[in-house]
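Two complexes are shown next, each including subunit A; its partner changes from subunit B in the first to subunit C in the second.
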Partner chain A sequence: MRDVAVIAFAQDIAEHDRERNEVEFVIPVVRDAIAQSGIDRHDIGFTVSGSCDYLSGGPFTFVQGLDAVGAWPPIKESHLEMDAAWALYEAWVAIQVGDVDSALIYGFGKSSLGDVHEIFNLQNDPYSVMPLWPSTVDLAALQACAAIAANVTNEREMAEIAARDRRAALANLHAIAGRDVSADVLLGEPVTHAPLRDADIAPITDGAAAIVIAAAEIANHACERPAWIRGIEHRIEPQSMGVRDLTRSESTRLAAIAADVGGGPIDVAELHTQFSHEEPILRVALGLGPETEVNPSGGPLGANPIMSSGLIRIGEVASRIHSGSVHRGVAHATQGPCLQQNLVCVLEGERN
Partner chain B sequence: MAGIRTAVVGVGQTRHVSARHDVSIAGLVREAAVEALEDAGMDWGDIDAVVIGKAPDMFEGVLMPEMYLADALGAANKPMLRVHTAGSVGGSTAIVAAKLVMAGIHKRVLTVAFEKQSESNATWGLTVGMPFQAPLVAGAGGYFAPLIRAYMARSGAPRHIGHLVAVKDRLAALRNPKAHLHLADIDLKMVEESFLLWDPLRYLDVCPSSDGAMALVIGSEDVADAAPGPAAWIHGTAMRSEPTMFAGRDQINPQAGRDCAADVYAQAGITNPREDFDMAEVYVPFSWYEPMWLENLGFCAEGDGWKLTEAGATAPDGDIPWNPSGGVLSSNPIGASGMIRFGEAAQQVRERAGDYQVELKTGLALGQAYGGGSQFFSMWVVGNQKPE
Partner chain C sequence: MTEVLVEKHVLEYPGGYTRSVGPVIGRFLTGLRDGRIEGVRGSDGKVLVPPTEYDPYTAQATGEFVEVGPCGVVTAWTWVAQPRVDKQPLDHPFGWALIRLDGADTSMLHAVAVDGPDALSVGLRVQPRWRTERIGSIRDIEAFVPEGSEPLVIPEPAPDAEPVTGIVTPTRLEYEINAGTAPSKYLLGLAQGKMIGQRAVGSDQVYLPPRGSDPTSGEATEIEVEVADVGTVTTYCVVNVPGLSETSPEIPYVCAQILLDGANTPWFGLIQGLAADEVRMGLRVKAIWADVLVANAASVKWFEPNGEPDAPYESYREYA
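Now for the complex of A and B:
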């Protein structure tokens, strides 16, 4: 395998942005990430994005993204209808094949254009589940009930996670839901989707993010402390709630083993937790101990731009490695109801 | 070509019809996947990863349908990717799957592309009013017809050329039992008398709306060597994209298509496509796109594409058969149509094309797909011999 590193990361997040369309979100993050990378736009080997047509309400949302990239002369380009963390995986594969040495990855979406929790019901089995119209939050609440019943977590722990993430988000310029709050205060707030309170649920967020990755020859010149991708793996589970143990994340566990999360101490973990109860489930699946700091950015409970939120987890870990504040970290991305599909990426800085 | 040697070792596809009321979406994709696995001599457990592709989710009304399809495609606890690159997606999906093997990450990858158009309505799916954008209103035909008229003006092609393609591909489809359209009495007069949709496109110049799926099993060299059937070795893959609209863009003969062809030809050692290939399966959803893509793909000089079509060079018995399967004009499950091109090219070099098998001389074939506003291109070259 070729050594590949994250060398640049940019994000642009807003709460219910009425002024800009998706392209206008993508333009600044692509420009910023490419500038950070030091690579000329025309020398980027491969470009790949993640977006979702049902967020914008029209087909081919990703086509306009090409305008933001400035795809002229024509570029080697691909698109996944997945969180852009998986686009980063496709880019990593392209570099492994060996015909390109660098890649630009971006994800974008405006969750505020419709009722995203209702819209994502369309992700369920169209014959047996979709007609029941469970929202994303309804299904997550079922999972939270199961996790509490199995003693995987409890309402106090969930409130502590939510309060910690909201407080951490105050220090993150890109977060939209920062709040100086304690678990005790949150436990006094109303339960909206039993057992979930509003603070347990990621905020509706608009935004985009971009990352540049490169093989060692480029990365070592572009970046003082490249964030090397030591392992990147993803797995999916069957969707039917009836055939899954919702109190565990088997796909995360398998991906974590394959990516060798346990191969060394993990200083920081950025987890794609769109609901507070998901963190304890993921901690077990990833094998994280108390020494690992979780979601110092505030995580998705601080800002959750759907389709780039998973990519941002990778960027948040990478930027901490770039700054030298951590040595080894894990980023996690998820999509599908109740943590159906999960990606795990282990990032590591240079040993001094 | 970069990466380790990789081949298609299994091919499966559904029959294509207007409406498969007898199967769910899961049943449809599974039908193609089972056939591909049987062809490869494999079972679900042998597959390392699944890569699925389709055109916009609104064509069925299911958001990221691969999430619900994971179980039906045997992907439980495995990696699964979902590609969406507009009409080129079937080809792009096969390329993304092939790269997983070329990179040495997996040895056996199942890739599936589908569309179940009867679940929804593609023209309306393409016609959603978007803020800040001019409404398309007329579906894909309304978009491409002006480009075809511009091609006719530029090349001086006579008006009957499109109809010749419409007849040729429907006659070819009569030898393909899985093709959607089997129009036994098709002839030039029938096409000319079909009603006008978008000048110069008449009803029979246009692809049908189909339900269908295509599946390929892609394996590494050792897997292909041990496979029960012949392999279609991948000699090159390429993708190119350019923006939809800007001043000076040549939408008739797009630069992205020319660049994509040049890239894949260089990888496969193709210098004269008309001679170096035994055949090509090319995405021709509107009849006039055969002469236009003949030029874009370098099978002739610019302006001469229609002359090859008129001379019968692209017929099944011509010197360079194009779309002997009947092509997109005979079956169009949109998201699968690109992968069908790639898979039909593979079947030809495997000599598995049944009654529409062409004679192999060089043993090389081209698969091409395009999408969006003639702006997304994916291509591969497959051969019956291993690449050097």
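Now for the complex of A and C:
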């Protein structure tokens, strides 16, 4: 295996970007990430992005994202209709194979253009689920109900998670839903999608993020403290929610074993929890103990730009390793209804 | 701050997508039409409802069909205070539930019609309320209701009805798209009879319409450049297929890539004012503006020859 590290991370987030189109807000994050990496843009080996055309309802809109990258002379490029955390996985594989030594990964999307909770009904089973038009929040609420019924979590723990993330988001310049609030206050707020309250649900967010990863030869020169990718894996479960045990995340558990989350202490975990009840399910699957700080950025409950929110989890862990404030951390990203597909990435500071 | 244009946008396939359903889901939907709920036995003997062609855990082909329900038990629920009335099964507040039908080992999503969330709980027994008109759809069940809360009516199957082989799934999504800063400047220019492109600092390449970046370098295009409404045909196509819209031109007509003087990307427009077989590369043309100018490409009706001699091939070779 080649040693590969995250060497640059940039993000640009807004609650509702009423001025710029997607290209216009991808430009600054791509510029920023490439500048941080110190790599000339012509020397980036591979460019790969994650986005979803249904967010803006236009066919092949992902191609326009390339206008923000500069694709001349022609570049080696790929795109995933997935959160850009999976684009990072593809880039990591490309570097492992030895095709390239560095890669730019970016994700972008405007969740504010349509009804984003309704749009993702299109990913459900077209025969038995999609014709009913459950929203993303509806399905998550069913999982929360199942988790509470199985004593995996409870409304107080969910409120404590939501309050902690909202408070942490206050200190994050890129978060949009920061709030100085306690669990007790949240428990007094109305239940909007039983058993969820609005504070349990990630905010609608527009935004983009970019990361540069590189093999050791480049990373050691580009970055004082590279965030080495020690393990990365993703696993998927059956689509039908009625077939799965919604109270646990077997795909996360298997990905965590493959990524060797348990191979050392985890200082920090950034989890792609778009709903507060997902954290207890993921903590069990990842084997996290009380010594691990979870979502110090505020997590997706602080800002959730769809299609880059998972990539941002990797960036948030990496930037803490870059600054020297943590040594080893885990980032998690998810796709699909009720944590159907999960990616786990272990990042670590100094080289062994 | 630039005025940024916002437009309603609807993503819809008129009439809905048609899907063939195959032997297993087809039998499930045929059962629903006939007032019967059927699952299928998975490779470990468990009964899957809704049925699938392959066991989702082992990928083995599934086995025999098993009639289940019609009653079942709620394994998880939530409450919809504000239904999406044009899409969801009920037009008043309702519950969603995962329902494990009697005889099934998996749960199925459906609506539950009750007065409020207090009437819902994990473990609640429910029964289906069938629609009178059934077509072979998951929505042939209007909703589930608490068991015994109303008479359980088991519909009679229609005699001699053919098996269900397909479904139609209407899909409509609505958006408010904002054009972004650079395209808005361009579109507002059209409403004033101007062609406004952009270029990046350090580049002489003028993009029209601008998207906000120089796509070759990825640099933001911050410099506005008004280009002429006169240009050169770089390439063209004679259209012999009639358009579907009433405003489509009579065939044959010509659409062309026109390199406006001062721009470095060709603009797409119609050519009128000469016979289709006289249109040629290098033809010099001018924009004919509409009487009423608007912030979109309809401001330019078409292009006509402007009387200048043809441009030499060398002058537009890069763009042809």
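Note that the second predicted complex is superposed on the first by the 350 of 352 C-alpha atoms of A that agree within 3 Å, B and C clash if a C-alpha of one lies under 4 Å from a C-alpha of the other, contacts with A are read in each partner's own complex, and residues count from 1 in each chain.
To be clear about the criterion, a residue touches a chain if its C-beta (ideal position, glycine included) is under 8 Å from a C-beta of that chain, and two chains touch if they have at least 3 such contacts.
Note that the structure is predicted; figures quoted are calculated from it, not measured.
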Query raised in the report: For A:Q143, is the partner it touches subunit B (first), subunit C (second), both, or none of the two (neither)?
Result: second
Requested in this report: Tell me which partner A:H193 touches in the superposition: subunit B (first), subunit C (second), both or neither.
Outcome: second
Query raised in the report: First (subunit B), second (subunit C), both or neither: which does A:I27 touch?
Result: second
Query raised in the report: Where does A:D115 make contact in the superposed view: on subunit B (first), on subunit C (second), on both, or on neither?
Result: second
Query raised in the report: Thinking of the overlay built on chain A, is A:F60 touched by subunit B (first), by subunit C (second), by both, or by neither?
Result: first
Requested in this report: Share the list of subunit A residues that count as touching for subunit B in one structure and for subunit C in the other.
Outcome: 21, 54, 56-58, 64, 66-67, 70-72, 119, 122, 125-127, 130, 238-240, 243
Requested in this report: Would you mind writing out the residues of subunit C in touch with subunit A in their complex?
Outcome: 1-2, 4, 6, 9-11, 19, 21, 25, 28-29, 48-50, 52, 56-57, 75-81, 84, 87-89, 96-98, 100, 106-111, 117, 120, 122, 137-139, 167, 169, 171, 173-183, 211-220
Requested in this report: Under the touch definition given earlier, write down the residues of subunit B that touch subunit A in their complex.
Outcome: 1-3, 24-25, 55-65, 67-68, 70-71, 75-86, 92, 96, 99-100, 102-105, 119, 125-126, 128-133, 238-244, 246, 254-256, 259-260, 372-373, 375-376
Query raised in the report: Which residues, counting only subunit A, touch subunit B once they are in their complex?
Result: 1, 21, 47, 52-54, 56-60, 62-64, 66-67, 70-82, 86, 89-90, 93-94, 96-99, 119-120, 122-127, 130, 233-240, 243, 250-251, 254, 335-337, 340-341
Query raised in the report: Which bits of subunit A are touching subunit C when the two form their complex?
Result: 18-24, 27, 30-31, 41, 54, 56-58, 64, 66-72, 113-115, 118-119, 122, 125-135, 138, 141-146, 149, 191-196, 238-243, 246
